[in-house]
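Residue numbering begins at 1 within each chain, and the chains themselves are lettered A, B and C in the order written.
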Amino acid sequence: MTRFLIKRIALLVPVVFGIITATFLLMHATPGDPALTYLGNHPEPAAIAALHHQWGLDKPVTQQYLDFIGGLFTGDLGNSLFYNETIVKLISLKLPPTLMLMIMGSLFGIIFALPLAIWTAIRKDKFIDHLVSLLNAVILGMPIFFIGAMGILFLALKVQIFPVGGYGETNLQHLWSLVLPSLTIGLGLVPLLVRSLRTSVIESLDSEYVAFARSKGLKNRSVWLKYALRNGSISGISILGIQVGYLAGGSLVIENVFGIPGMGSFLMTGILNRDFPVIQGATLTFAMLVVLVYLLTDVSYALLDPRARFK
Amino acid sequence: MRIVSKKLLVTAVTVALALPVSFTFSQVASAATPVKGGDLTILRGDLESSLTPSIPPDNAGIWVVEEIFDTLLVPAADAKSLKPSLATSWSASKDGLTWTFKLRSGVKFSDGTPMTSKDVKFSLQENSNPAGNWGFINSSISKIGTPDPLTVTITTKTPYSPLPAVMAIFANSIIPNNYGGKTKDEFGKHPIGTGPFKLATWTKGQLIKIVRNPYYWEAGKPYLDSITFKLVPDANTRANQVQGGQAQINEFPSFSSVKTLKNVPGVKVTAFDSSAVNFLIFNNTKAPLSDVHVRKALASLVDKKAIITAVLFGNGTPAGAYMSPSSWSHNASIKGLPYDLTKAKAELALSTQPNGFSATIMVSSGNADQNSMAQILQSEAAKIGVTLQISQLDPSAWTAARDNKSYDIMFGYDTTDIIDPDELIRFTGLIDGGGSSLWSYYDNQKSAKLANDAVLIDNQTKRKAIYDKIQVAFDNDQPMVPLYYAPNLYSYSTKVQAFHPFVTGNYNFRNVWLSK
Amino acid sequence: MSTSLSLRPNILSRLRGFRVNNFRLYLGIFIIFVVVAMAVLASHLTKFDPISQDLLNTLQGGTAEHFLGTDNLGRDVWSRLLYGGRTDLFLASIAVLAPFVIGTVVGAICGYFSGWVDTLVMRIADVVVAFPFYVLVISLVFILGNGVGSIFIAISLVSWVAYARIVRAETMIVRSKEFIEAAQTGGISNQKIITRHVLPNVITQAIVYAMSDIVLNIGVIVTLSYFGLGIVPPTPDWGRMIAEGQQFLAGGYYALTILPALAVVITSLGLSFIGDGLAVALRVKR
């Protein structure tokens, strides 16, 4: 296991390095001049020069790159242009709601998707299978902000079950205000999960374990419950892991629809603020988060299924 | 009749003393009794710049300052007269040069230290710095005296009639002498005043929370435990949160929501009398908008009536002069430029850009009304070959672009904070009037001189004649287009009681309470 | 489902297995045909300019003149739906082409040759995939500036990876087949083998994926304009329509929001059906 971990982390090094480089390129090597985006139409040349100096854009690119990496190693991502705070401090405030939203979103996703996947796997090619796949296609085609807006309209305004947005003040309020947003993300996740889970349940039903259990005379129901659920959740972990990109993108959109002060609204405010250090920091954090989840997925998969370690 | 009523009064008081129960009963019958307690959340779309009285040029800051601090006098609800506040009485000397203010006794700051005439003197001096945003408002003051702890005398260079009105502006709020021993910056972060509320938390760009000041001088007030001012840029989200009960007041509902919220239970929309004038503002320092013909061309493209119908849903009147009709200084003969495509083309042909140009119109993201108006203007401008790009900015970026002159065109509005027109004549019309001509950076030195002359005259008719001239000059230059005079719109929960913002904008939250 | 690739040498022979009763495929093709026809023929289906405003006739319900009513600036909703579809569909389809071509070529080369090129490209792919799609596209569009070109570049920079990975995996399987080995020993150039023998075998996967990729693109384009990025007024677009309609939801003007959303859903549904149908018809594993 230790060897597996070391190997896996070693493989990660070039990717992390690449992410850092890509984030750097995003701000420093794109065709547009960030100073122009920041200052708007026809700015004074002096103002452009001042901004270039402030951001260190007047130094050679290699020097900028080294400074950026040096900053990262010392935990310095610069300062926000609008809030008198360091990016690192701001991110530490904005990350918890996003993580919570992603966790609750995936829980809801699993809660909806697993029964549906098992049901459709058992009744493969029957009516319910087709119906679920049609519904999946409908949800897949719905922009997630629209699902969120409808959720607010019907579950928060018409029937006032949930708060319409915001994040509350106490921990309990935080949790409660994340329910509707997480439901939205969970719902958006369902088509992606059901499709893969259904396949893996069908495969495991056809597998030798189940054949063996059947030959032992186990009743059908307990066979499904035990093996289908167990195998389903193991593959569920890896499938969820793969979908972390969707979760992160979804929370970016949903946080803005519901006004949750997390990384997603941080990035969007950064964009509307023309706050480049914020955009850079938020993008980097999102990417690191995804890589970390990939790693955790691999590790937990390896723990659950030892064969995976030798692949 | 008089005598009889006096007798009756005596009887009534006796009965009340004897039977307190029936007294309370009669109060409930007339209007609900204010209930103490409760936390109120008010949602806003604009970012505050500062909470130090002498600084903020923006309503987002001013309206909070007015809750944390008190002024010597306050405007009456209709902005036509003045009422006592920290000063209980005031009078002018015969020569009109010296004003004497008697201070209320027993007033304490929110940290428990008593307020004296020394604090008043320091406060007025702090705000008299000509380099400050609001220094111009005190420019007539030559000397401030403190004969005793509860008396302040103010001497002016020449007889200056608006002085009492000026003592009611938030910028002349009373702060502790020497900032209570702190630096100005420190004080700015932890302000202390004598107002009904004191600052509890302030996260810039997110929220300001103020809580009851236990030392507040008016017995029994305020009723509310706390007020939270939350920045929620999206108009739609603000409307939803008030409707969903998460907030009680929407400081800036879009006009479209007046129509939509009418049938929603638990929420009401009220249009309060206001001094607000809304403008389409040009950055007068930026080519080609620095060209008066270009500005007039664009001004001729604005169909004010159509905007009022389509965007305001009829809640407003087309604007001509830049001073509000709520002020006596309003020049009713100015009608502004009519909507006229031919005239617009003709003006453009006279300009430096006869073949059109492109510019950016900056809107605060989530401001539905500004967004609609920007699209209307974009569509009209295209007809004369002018390309307008709409750029959505977060409130803080919007404010920054406004302050460092980097925008082209934007929308904005002004409201008066005092009952005298002097404030807005300067704030919106003059470069050094605290707001850089409402951030249009329009500079008219002739008008500046006229405005200085006007305040030396103690005759309203004569002053009005001067203000009329300034407004005509403004109309000729069109540094910005006065769009409409609109009421102050608020949507709020029906639980909010006694909420009645003044024409001058003051919320007077000390009177507001929440019913169960 | 699991017999992903037979030994059939090219796409034509696979099409012989095309099932006639593939209902989804035909339904999908029908939906997309109608949607595309409406977008293309927009100018013949309405007499109103989608951006011309009529400020004195705003927020009308369906009338004889405007049969889906007008929006808050008096613009004809039906015209805006048609022209909005033109904007979104055109952009989404165009934005599929470049990634499709780049991804397929890169994937085939990597899968066929392996070696350091493969390692390098796949590490780059890992890096791109680490950025959540929406996060990267939204940031890129912002930095490149609003506009159709920026959306196109941003999506292309991100989504070639998916094609490259799919095609690479398939190519690696195909490469080990006998007919490829036969061709190699027969002295046929690598370039010829790739274009004549590898690509026809692996491209079906990419085509099937392209259908869901267009759905993804429509989603991200609509989301961008919903947040005021990318497509900006006056260009009509479904996302912007939803965003602007939302302020009137509470007042009961549901159509302004629901209609454009419905248009997005129906279009995506059609594309999903085509994707599913193609997968069945071409016996591609999904």
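Going forward, a residue touches a chain if its C-beta (ideal position, glycine included) is under 8 Å from a C-beta of that chain, and two chains touch if they have at least 3 such contacts.
The structure displayed is predicted, hence computed values, not measured ones.
Student: Please identify the chain lying most centrally, where each chain is represented by the average of its Cα atoms.
Tutor: Central by C-alpha mean position: chain A.
Student: Select, from A-C and B-C, the pair of chains that is joined by more C-beta pairs in contact.
Tutor: Pair with more contacting C-beta pairs, A-C versus B-C: A-C.
Student: Could you put a whole-Å number on the gap between the CA centroids of chain A and chain B?
Tutor: From the centre of chain A to the centre of chain B is 44 Å.
Student: Between chain A and chain C, what is the separation of their C-alpha centroids in Å?
Tutor: 22
Student: Taking each chain's centre as the mean position of its Cα atoms, how many Å separate chain B from chain C?
Tutor: It comes to 51 Å between the two C-alpha centres.
Student: Of all residues in chain B, which are in touch with two or more distinct other chains?
Tutor: 240, 243, 365, 392
Student: When you check chain A against every other chain, which residues touch at least two of them?
Tutor: 157
Student: When you check chain C against every other chain, which residues touch at least two of them?
Tutor: Residue numbers touching two or more other chains: 246, 249-250.
Student: Give every residue of chain B touching chain A within the complex, in rising order.
Tutor: Residues of chain B touching chain A: 204-206, 232, 234, 237, 240-241, 243-246, 286-287, 358-360, 362, 365, 391-394, 396-397, 400-401, 404, 406-408.
Student: What residues on chain C touch chain A, complex-wise?
Tutor: 1-2, 123-124, 126-136, 138-140, 142-145, 215, 219, 222-223, 226-227, 229, 239, 242, 246, 249-250, 257, 261, 264-269, 271-273, 276, 286
Student: Would you pull the chain A residues touching chain B in the complex into a rising list?
Tutor: Touching chain B from chain A are residues 39-43, 47, 82-84, 152, 156-157, 160, 163-166, 259, 261, 269, 272-275.
Student: Contact residues on chain C for chain B in the complex?
Tutor: 51-53, 55-56, 58, 72-74, 146, 228, 232-234, 244, 246-253
Student: Quick one: in the complex, what on chain A touches chain C?
Tutor: 14-15, 18-19, 21-22, 26-27, 30-32, 34, 37, 133, 137-138, 140-146, 149, 153, 157, 195, 199, 202-203, 244-246, 248-250, 252-253, 256, 267-268, 271, 279, 282-283, 286-288, 290-291, 294
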